[in-house]
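For reference, chains read A, B and C in written order, and residue numbers begin at 1 within each chain.
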Amino acid sequence: MIDVPFFSQFLKVSNFYTLIAIVLLGAAMVCLKMLKDKKVSFSKRMIIALIIGLVLGIGIDIISNKSGIYIDHARGEISAWFGLIGTGFLKLVQLLAIPVVFLSIIKVVVDVQGDRIRSLTGRTFITLLSTTAISAIVGILVVKLFNLNATSFAGDLTEQKTEFINNIASQSFPEFFLNLIPNNIISVMGDNGSIVSVVIIAAMFASAIRFLKVKKPTEVAPFVTFLDSLRTTVNSVLTNVIKLMPYGVVALVSNTIISNGIQSVVSMLGFIAALYTGVIIMLLVYVVILSFMGVNPVMFYKKAFNTLLFAFSSRSSVGTLPYTLQTLEKDMGVSGETSNFVATLGTTIGMNGCAGVFPAMLGTLVAAAAGATMDFSFFVLVVVVVTVGSIGIAGVPGTATVAATVTLNGLGYGSAISSIGAVFGIDPIVDMGRTMLNVCGSMVSSIVVDKWEGTFDKDQFNTPSNHTQINE
Amino acid sequence: MIDVPFFSQFLKVSNFYTLIAIVLLGAAMVCLKMLKDKKVSFSKRMIIALIIGLVLGIGIDIISNKSGIYIDHARGEISAWFGLIGTGFLKLVQLLAIPVVFLSIIKVVVDVQGDRIRSLTGRTFITLLSTTAISAIVGILVVKLFNLNATSFAGDLTEQKTEFINNIASQSFPEFFLNLIPNNIISVMGDNGSIVSVVIIAAMFASAIRFLKVKKPTEVAPFVTFLDSLRTTVNSVLTNVIKLMPYGVVALVSNTIISNGIQSVVSMLGFIAALYTGVIIMLLVYVVILSFMGVNPVMFYKKAFNTLLFAFSSRSSVGTLPYTLQTLEKDMGVSGETSNFVATLGTTIGMNGCAGVFPAMLGTLVAAAAGATMDFSFFVLVVVVVTVGSIGIAGVPGTATVAATVTLNGLGYGSAISSIGAVFGIDPIVDMGRTMLNVCGSMVSSIVVDKWEGTFDKDQFNTPSNHTQINE
Amino acid sequence: MIDVPFFSQFLKVSNFYTLIAIVLLGAAMVCLKMLKDKKVSFSKRMIIALIIGLVLGIGIDIISNKSGIYIDHARGEISAWFGLIGTGFLKLVQLLAIPVVFLSIIKVVVDVQGDRIRSLTGRTFITLLSTTAISAIVGILVVKLFNLNATSFAGDLTEQKTEFINNIASQSFPEFFLNLIPNNIISVMGDNGSIVSVVIIAAMFASAIRFLKVKKPTEVAPFVTFLDSLRTTVNSVLTNVIKLMPYGVVALVSNTIISNGIQSVVSMLGFIAALYTGVIIMLLVYVVILSFMGVNPVMFYKKAFNTLLFAFSSRSSVGTLPYTLQTLEKDMGVSGETSNFVATLGTTIGMNGCAGVFPAMLGTLVAAAAGATMDFSFFVLVVVVVTVGSIGIAGVPGTATVAATVTLNGLGYGSAISSIGAVFGIDPIVDMGRTMLNVCGSMVSSIVVDKWEGTFDKDQFNTPSNHTQINE
């Protein structure tokens, strides 16, 4: 190990562990590039990327685990370099979230028939909230099933986290809602956390455009033409970024494992297993829902696979959104209006993972530890608090923690959140499953709403997708 | 009262007072909607909204005043829910302030004859500052008239307010001005407080466009066409938002009363009465000015009524600006160049209420308490300090407090501001009158400047307005 | 002197020193305006402005130096008023930096042949880093030459500076790089420090446009037309701002001298002389490089003069950038692709002054004081650390301090930076030379890369420039 600050503190390459890890990541990238040149399909490359990422992460951590150099230096260094690739890619996708949402919503509202908006909004809320309520029930269930006990997860919160939680705890439902209403177009668009505000602005402009298209068609035409042309360009940029996805997945997955360490996962195995069981139960619930709607669940998961895999790796619902929209519209035959409405709102309202399963689990855990009577009425309260809370917290970044805070405060155990600090220590591991569930939930909801609206194109859904855009 | 945190802290509906208040607000909204469906004119609905708002606010506060539940819980809860409607609406109007100003100024400067800009700027400053000087005299007058004494308004400032005041106190005239010069287009447009900077940017672009229209007409045309089309769209969005104004007025007015409480108004009655007397005197001064210019003051107040009412309810000069501009141009026959220049600058420079009457009152009050000799030369100093200060503070949010701070510092009694803390306790009540006066002053100044420039369309001014756009 | 707060604290005109200084500045402005009306060429007016600025600054400071009023009041007041003009002008130029870079890079990447981008990027990095390495050597050299000793520059850092340095010191190479990757278009464009991120966004959009021009020409055309038209407008706005440059130079130069004071310069003469010697050596190194490339160095400095003079006065590489680009393209015959790429990246990567000479000087100084062995291997380490560091710090504002911090940390003497606080006390004086060197380095690098690429138009370079745009 080179003990010169230039290498250990600035360059972050001070020992062989780091060097080898970087070389291995590089090799993985080259592999994926070669597979692409050999015209291996995008989906296959995504699976391979996931496997490489897991192998790389688990492999490096297990082999190096005993070394002091690894634990004290290399882990942080590897994490910085892998983060440069993984987070760097994620930032490029997030870059397009606001423009894609803004331009899509404008197109949707301009094109849609006037009276549909109201029914669309109502049905979207009903569907998203119903699945969230089911998620809350599943959350309670798995805590009972795994017999989890809050005392096993005792630990301290960081000072920053505590401050964040206290800040959230002081806000109320009407205040959360007021924060969603935009008061400056530019500042709202400069903040990736304000997707709902962007939707409101887009809707306001779109309804003005619809009105002007009848009253002053010549005057409004140049602006509309500009927006169309811009949307074409933004979508093309997006396609280019999505092509890089397999490379990003390798770095993101392996980095999540390395930066947390296998050891920390093992110590929290009970909680992690319970949460992932909850995720799997929900995925099965979706099978039931889809079958009930007459939609083939196998085809759904086949087509949703890449999107879910990216949500899992990236832990960012908003980052995944551009891809979610493309999959729904191009592969699954969901109408543009529905997919844009449901999937976009679904990144902030009624998230099945972050604002459903997870806060319900924490609420049940903490309340049990505090000696609350675990009767039927209590569980009903949990489900109500979680579901109503999942609307209120829309648009606040760090959704899962926010939802947990709101739930615990709503149940009257707000101060007890600090007693289960260990849960937040492994948050990234848990967040992978949670985010995937959010995205899957909003995709299922999109299909449900689209069927309800009568605009679902079942033939397109059943046609095997070819992903021409991405594979070429 | 339900004493569960979910209801009292999160939902903010924990008792019957809150519930009934929300139901009453809802009923008021339905009433206003019915009046609209019955084609009652916009102006009538605005007056009705003001009356309902006053009745609702005073009624709820007087009836509930004795109840501990109301004072400890319901007042805050009602304020949160009424604020969601009132402030929510206000934010939607503010959303359009920057785009409307930017696009209007560009159009104005492109269209105006080159040499007019200089005369326009000079005359605008002269007119705005003259009315501000008159306001300062009126401010001194009412303090003497009501025999106000600073010791009646003793009270502590909040820590946040003190910090804000200290920060302002350390800035000087050249520094305030330097802050107005923009150094980044996007960051300036992302801040609703930087209207003057937006005007500067718009003027720079407009003069380039004017030059290019002669030298490179084909190259510049697409950008100009885009801006025209965008302006049409933004104005249409604005019209839609303005239609919601009566609903906003009900919530804003009643909320100002409820959240402050009648009790606090009574204890400060002396100050409030003095300020509103000052406002009324200024409104009469405008009658004199307009008559002197040969403009019918009755017609002016008739046409200005809705705008002034909204300024009164919203307490936001910038929020009212889009409506001010429409009224001046469409109803009052003020030329686009003048109205855009004067009214836009008037939201930050030479505000008759916030930077005229109010700081003059505070300066006189505090200086008298500190034992200053109240001779003629002192009053002249007050008028000079207030008037010059009213330019310097342009663009700093929280204008009234800033103006008061600058005035007191200028007179040498800066540290004494904390001795009259009670005045800031009822600021929203006072701010309603102040803001209305700002807007009225800038409208009168627009007419004065437009007459001076010879572009005032008296016939249009004298034609009864039909508000077709909004009533339809 | 008028001891009324209104004059001394708010207006900042409380004594004759201030009044006379303001009058003198006004007279200088009028002089320059008259010279312009007499059609004196822009370059001549720039030189005259520099001379007036120096005379004004040195004159006022030497004459007033003995007066307590000047030292306690007038210096600060003059600085505030001169700053209003100087910094105000600088802000107007900075206003255009982001739009100019964004629109230029888009045009360049759309027009350039696909495979050139890679070679262009590679060669740009090589050239910028080579000149930085040479600068580092020069930096070491001048410390030895002037026999500087760290103990002469002992002094305390401000608390704010210390915090800034500690914050920088905790970041690493991969973290600096990750910060360059944008994740929101609007927020990046709202920050003048994020030029590299803007370049990345522009490149992403441009490559999408290039692809769409072939595949969907009709759809992409309106957006491209809009961008072209916007670029024409922005360039016209820029031309208007540049015309004001001589006025800005007078205020900027005199203000730098007055606000620092001749006295402080004298006490730090050793360091200042060493740094400016380093700057001059580098300017001679460029002569060698250019001659070696077969480019006439006299013609280069003649054409670069105005740009370098502005960089010197404004102390802002980004602020100078729009002018740098115009000079390279219109006067020096450097192709648009190269100039945009090299000069834009050169404002953040491989800055010869801020990230070359300066940090090398500080590193050598501090290490010598700390007793490091000054052998060959140490100097190699300094050069490596400085050069690699000059990439890593890209895009962090306050480049020189950042580069010094990174270098000292890299050498292992991070904590010693506070021992030479006096160096930062006269930073503006030193910054003038440093910034000029940055800009000159990036211009030389542009020519080197353009020759290498074979796109350099030597005939245009050798044609005397006429500056028609600006002189008219």
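The working rule: a residue touches a chain if its C-beta (ideal position, glycine included) is under 8 Å from a C-beta of that chain, and two chains touch if they have at least 3 such contacts.
Being a predicted model, the structure only gives us computed values, none of them experimental.
Its C-alpha atoms fitted onto subunit C, subunit B is found rotated by 120°, rounded in steps of 5. As for how the two copies subunit A and subunit B face one another, under half of their interface residue numbers coincide. Spacing of subunit B relative to subunit C, judged by their CA centroids, is 42 angstrom. Centroids built from CA atoms put subunit B at 42 Å from subunit A. Of all residues in subunit B, those touching 2 or more other chains are 186, 190, 222, 226, listed in ascending order.
Of all residues in subunit A, only 169, 172-175, 177-178, 181-187, 190, 201, 204-205, 207-209, 211-212, 216, 219-224, 226, 381, 384-385, 388-389, 392, 406, 409-412, 414 touch subunit B in the complex they form.
The residues of subunit C lying in touch with subunit B in their complex are 4-6, 9-12, 80-81, 83-84, 87-88, 90-92, 94-95, 98-99, 186, 189-192, 222, 225-226, 228-230, 232-233, 236-237, 240-241.
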